[in-house]
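Note that the chains take the letters A, B, C and D in the order they are written out, and that residue 1 is the start of every chain.
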Amino acid sequence: MVQLTRGTWAQAGTSLDFKTGNWRSTQRPVHVHAKAACHAACPAGEDQQAWFALLQEQKVQDAWVSLVHANPMPGVTGRVCPHPCETACNRTGVDGALAIHNVERWLGDEAVRLGWDYPVEPPAANAPTVAIVGAGPGGISAAYHCVRLGMKAEIFEALPEAGGLLRSAIPPTRLPRNALDGELNRILDLPGITLNTRQRLGRDLTIDGLRAQFAAVLLSPGCELPKHWSVKGAVPADLHEGLQLLRDFMDHGALPDAAKGDVIVHGGGNTAMDICRIMKRAGAKSVTLITASGLPGPGTAPDDIINVVPRELEEAQEEGIEIIDHATVSRLIMKGSRVTGVEIVSLKKEAGKDGRKRRVEFEGTERVVSVDMVVPCVGEQVEPEAFEGYLDGAYFWPDNPFGRIADRVFAIGDARGNRGTVAAAIGDGRLAAEAVAAELSGEADPFADERPVMELDGLNTAYYAGSSRARVAKLPVSERTFEAEIEGPISRSEALAEAQRCLSCGNCLACDNCWTMCPDNAVIKTTELAMDGSHYVFDYDYCKGCGLCVQECPTGYIQSVPETA
Amino acid sequence: MAPRSDTSKRLSELRMKHGRPPASPLEPKAEKAETLREAQPRFRGLESGHRACQGCGEALAARLVMESAGPDVMVANATGCLEVFSTPWPQSAWRVPWIHSLFENSAAVASGMEAAMKAKGKNTKVLSFGGDGGTYDIGFQALSGMLERHHNVLYVTYDNEAYMNTGIQRSSSTPHAATTTTSPAGKERMGKRHLKKDLLSIIAAHHIPYAASASVAYPADLQRKVRYAMGVEGPTFLVIHSPCPLGWRHDSALTVEVARRAVQCGLFPLVELERGALTNIMPIREPRPVADYLELQGRFAHLFRKDDYRAQEELDHLQALADHNIETYGLKGEGLDPMDSTGMSHVRRGGPLAGRS
Amino acid sequence: MREALEGSLAIARAVSMAKPDVVAAYPITPQTHIVENISKLVAEGDLHTEFVSVESEFSAASVVLGAAAAGARAYTASASQGILLMSEVMFNISGLRVPLVMTIANRAVGGPLNIWNDQSDTMAVRDAGWIQLHCISNQEAVDTTLQAFRIAQETDLPVAVNMDGFVLTHTMEVIDMPTQAEVDAFLPPFEFAGQLDPANPRSMGTLVDPNFFPEVRHSHHAAMGKALAKIEEIDAAFAKVFGRESGGLLTVEGDKKARVGILAMGSVVGTMLAGYEDFKDEVGPARIIKLRSFRPFPAKALRKAVKGLDKLVVIDRAISPGMGGVLGTEVSAVLSTMDKAPKVYNYALGLGGRDIPENMYRDLLKLVEDKKAPRFAVLDADLEKLAPEDR
Amino acid sequence: MIEYRIHGRGGQGSVAAAYLLAAAAFEAGFTCQAFPAFGAERRGAPVMAFVRIDDKPITLRSQVRNPDFMIVQDDTLLLDPNLTAGLRPGGAMLVNSRRPAEDFAKRFDTRVVAFPATDLAVEVIGKPIPNTALLAAFLALTETVPQEALAAALRGRFHGAVLDKNLVLIETAAKAVEQGAWKELADA
């Protein structure tokens, strides 16, 4: 029985006896760690938001450790990846995407420069060993992740050096060799990784042999064989396929004579872009890229944009490469077996009856240009030799995210038909290693991360200070050579400043907004991390479910869920 | 008169020096902290369990004020929502000495409390709280008297622009054209016919050391103003724009958003006045149209009726009033002030950006 | 020490000796001299107090409320319209059980405007829950003021000391003024257990719902009942120090065996006592009952005091239009439980400062001899001054 | 009990005169009572004040209707024929006037002493405030209260030059009238 006080004064803070939590009738706030859009878009599986968070706290090495948990080669991917993370970055819709690749590259370079240790332990002497075919980015990633997961890795590479297309098909202007070797060698030097060079599958090894000898076999052969190219049956006699041309140039430093004239490159990937620029730099009168995709712009659907590193496209245009988009070569005009001209027709991807997009050429848009050389760059496929029985057509088509194509056999990287980037190969390597590790310890395949993606409309952008993307110096066109890296580095202070631009989409910023703005004092701050990784807990005894914290959470980390009885 | 104790003197000096109250020896000690709630790194002057509506702007504002002002304070509180929802006997949400007397006398009661503190040689600062009804209207005389007599009291008015406690009746603080239960919109009327009283100018005319407006949308700014006022010896005045989801008819989650837009459109300018002179403003980088602010609120819904020619007229009128504020107070500022109505909101990992070096 | 002093000055000096921490002041005739004199004491450095010159009586009451709530001995004074303006706060002060003291320099309430003495003001706040004491002389006013501070803090109730405006406040007479040492011996320092205190931060003035409100009001009423004994006890304690009483709850003067009584409050009692001396031989003696405590109302003491009376004249200095005299009505109610209650004749006298002459004693006693004497009348009203339809 | 009525105009110090007279009586060992006819009169308007002196406590609070003595601070007040209403038969009136007392005695049918107190005040203290001079003269006439009591009352009210000048004034004024002329009346 409450006894009245004289004058009916009440004791301080006794309102705590009255639990307003039962006022919540429709919704309650919860912490939801959604996937940042960058993370969701990253083929390598990096959580950029997570390592940017560490950078925001000036923890540079921790950021790198967090990064290499997924991708052991940030110095490489920071240079060569078309960074879909930046395309996906929610900051694009505010004041420009974060310069993620620049910071990634800086972290990779810092690790090499300062000799930071990879977060791996030497595998046990009796640890299972995984055979890996191909020392390209997919194979290297797979080997690294095997070691990270406590296994040993033995790599078999056909060429005398590791690196795969990183070494053979990417010009040093994009990926200087010291940057590549710096990172690659550190990985190969990790205890538990053995590299066997000049070991070609089919010649020196067989898949079955490897299966018998090793705990698992990871196939990362890449795509070596150019796809067949012809225009309505016609093939020029002096055909030079783009990738081959690029490799030759990188090996010997020379191009065919015809490359001095007007050149048409037909295709739409980074190889096409590289060869265009090399030919132009090597003295071609003109270089024109014909691509069926579109150039980035308001009228272009995201899935229709030309699949190249955006800055490469920009640089190519700076260097005078002409680009004819939404077009294809519809006819070759031959003088004997030599090409003297091409007919070009406009096209676009249009949805058909079944809703699937297909290319539609528009009659009446044909035009003819005279050329001295046509270089097709329409992609490569797996050299089928030694993979009999595993290939499905030109590629591997595993039906699972881990690349499993047979018992203890996994396919990773470009050899999988729907890949095509270094980052995807690195991601494949990790997933395959994780699946192997699970399988070997008798567990089911790892769970896929199916958390929702935090989009821009889930954020409250009022809380973010406007700041423009870091400007990174580039070599002027006149100073660009075949060796010097075109894009410059960013400094530590620039990288840390860029990190401050990260919106922390879907993850707690520890900004105190919920704690500051709860009218009911029902958000409690913790000095230690709370169970859900934030610094706050909801006191549902008093939370009335007004939704203010949900609305004012900058990152979308607080979301409303229906209140249940 | 009793000699001032050493402790009081020390507190007073620190307060003058830092512009904010240092922790009082009376502050509940952390050693008692057995729960997370007790271990909170802030003074819980207005505790949970109060009975404010969901998303109450006034509760938020009062909580923020208490955090910055407490614990060495005592409060006189006018009748109104804040009083009713915080102290239904036998409970109280306050953790400072607090008294509610009447609707119109909180400034006078606070005057008496302050006189008592002076007489007893104590430095406990007295706060006086009232809503807009209790301040702009019925308690205005007592407030004016308190300011004129130069009592060392911080008066805070939680401005939710109508008599909410009695069920949303118009006050002299209700904005022009807003509907309330005593200024409904109809065939003959478009909500309140008169203007929102320019109270701050009247307060400023008392020539007091410090008067300011603040908004729940800008907690860091609000708390800075409270701390500044706490350090001033003499009467200080703070009007805090505190949205009322019930009376303004907006979603309870939008309290801060609504308040922010009020500032960003210029209808509720955030200014500081010392001795009656304008000394600081929160600039608005790019003023938003008033419609952005009004459209969130049911009390202005009649201004968005396409079939009524008067709607556009009143919208234009409110826009003109906002423009007038922007002009009068120079709210566009000069250059890019990071502490403008955009910058003040900014956060970064670990807390608000404002006030950090 | 005996001195010839104006009543207001004497009150100011008495208040000063009680060492109030806070005094709230607002001018209104005929109270003004009190706060003027206090402000002089402050200006001369004779009194150290926070002298708050408020902007209205409403704020005066609010200031003393706040001050006392914060643990300060607080005092204010007012009259008439001022009391009515304060009335909302007065209910609040008592309801929150805040002890403080106020002097009411009793004056009529307008309109029409009238600045002269009657007791309409204090009657208007009859139900405000304050202890209301009445004084017949400035000596009593001084003594009662000092007692009031002690009564207030020993009952947690506010005390209003009523003294007739002008008739006492502006009158110079001989007053035995206490010394500071005597006052210090009698009046302990201010204490209020319920005060606002940062070390024990309570919330005063909570919202009390129907589940508790009747109990709150009961306790207020019960506190008033207990205050009856307190008033007597403190008057006795005062007498121990000062050698004189102020009349407890009520005193019986004149001829204690008389069959006719006159009951009144305030200075008119003095005039009746003078009339008794001069006219008792002509119209007979009367028992004169001086009621000091109007709230709490000393029902039991009153029934004892009127025992044996056939007739009791109750002089009212206020009127409740449509009912009659306030005091008379209450006296009738209190006496109604007696077996042989005297007949009550209730006359309103001296409204708005109408002079009550000495021979009113004679007139009253003669009047009630008449069987047709009215039971209530505004006795000194000259109906000739009214239009016939307004009589 | 002796009852007095003092007539004057607002601003002439009639109430102060009443208080002084009472205070002087107190100094002389009497009980006393002095109060104004409470009003809202402003400067210049006719005002009254009352004094009672007795040797036992005074409880009576009514206005003085039948004064034993009257003091009139301004002879223009005597233009009112009802001014002396209630004055006891055999009472007396002291008038501040340059005119001979006979002028008034005849008209009001009472004992009158006239005395130019204002002139004297201007001469001695430099201000046209007649009240202390009148009081001194009055005390001299009645001899109920000794002059020294008035001096003591003045000392309780004034100090410095004002006091000194007033002390000179009352000494001078007391000599300006016939000592003890009304003693019998006062004793009666």
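We adopt the following convention: a contact is a pair of C-beta atoms (placed from the backbone, for glycine too) under 8 Å apart; a residue touches a chain by one contact, two chains touch by 3 or more.
No experiment lies behind these values; they were computed from the predicted model shown.
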Shared chain contacts [chain C and chain D, defined touch]: none
Chain nearest the overall Cα centroid: B
Pair joined by more contacting C-beta pairs (A-C or A-B): A-B
Per Cα centroids, the chain farthest from chain A: D
Centre distance in Å when chain A and chain C are each reduced to the mean of their C-alpha atoms: 91
Centre distance in Å when chain A and chain B are each reduced to the mean of their C-alpha atoms: 49
Centre-of-Cα separation between chain D and chain B, whole angstrom: 64
Approximate Å spacing (C-alpha centroids) for the pair chain B, chain C: 43
For chain A, residues contacting two or more additional chains: 2, 5, 8, 10-12
Interface hub residues of chain B, defined as touching at least two other chains: 86-90, 92, 94-96
Chain C residues counted as touching two or more neighbouring chains: 96, 201-206, 208, 212
Listing of all chain pairs that touch each other, if any do: A-B, A-C, B-C, C-D
Complex interface listing, chain C residues touching chain B: 21-22, 24, 48-50, 52-56, 58-59, 62-72, 74, 88-89, 92, 96, 196-199, 201-209, 212
Residue numbers on chain B that touch chain A, as the complex places them: 36-37, 39-41, 44, 46-52, 54-57, 59-60, 63-64, 86-96, 216, 219, 245, 251-257, 260, 338, 342-343, 345-353
Touching residues (chain side chain B, partner chain C) in the complex: 1, 24, 26, 71-74, 76-77, 83-84, 86-90, 92, 94-102, 104-105, 107-120, 124, 126, 141-142, 144-145, 148-149
Touch list for chain C against partner chain A, complex: 95-98, 156, 193-194, 200-206, 208, 212, 215-216, 219
Chain A - residues contacting chain B, complex: 2, 5, 8, 10-20, 23, 53, 56-57, 462-466, 500, 504, 509-513, 516-522, 524-527, 537, 539, 541-542, 544-548, 550-552, 554
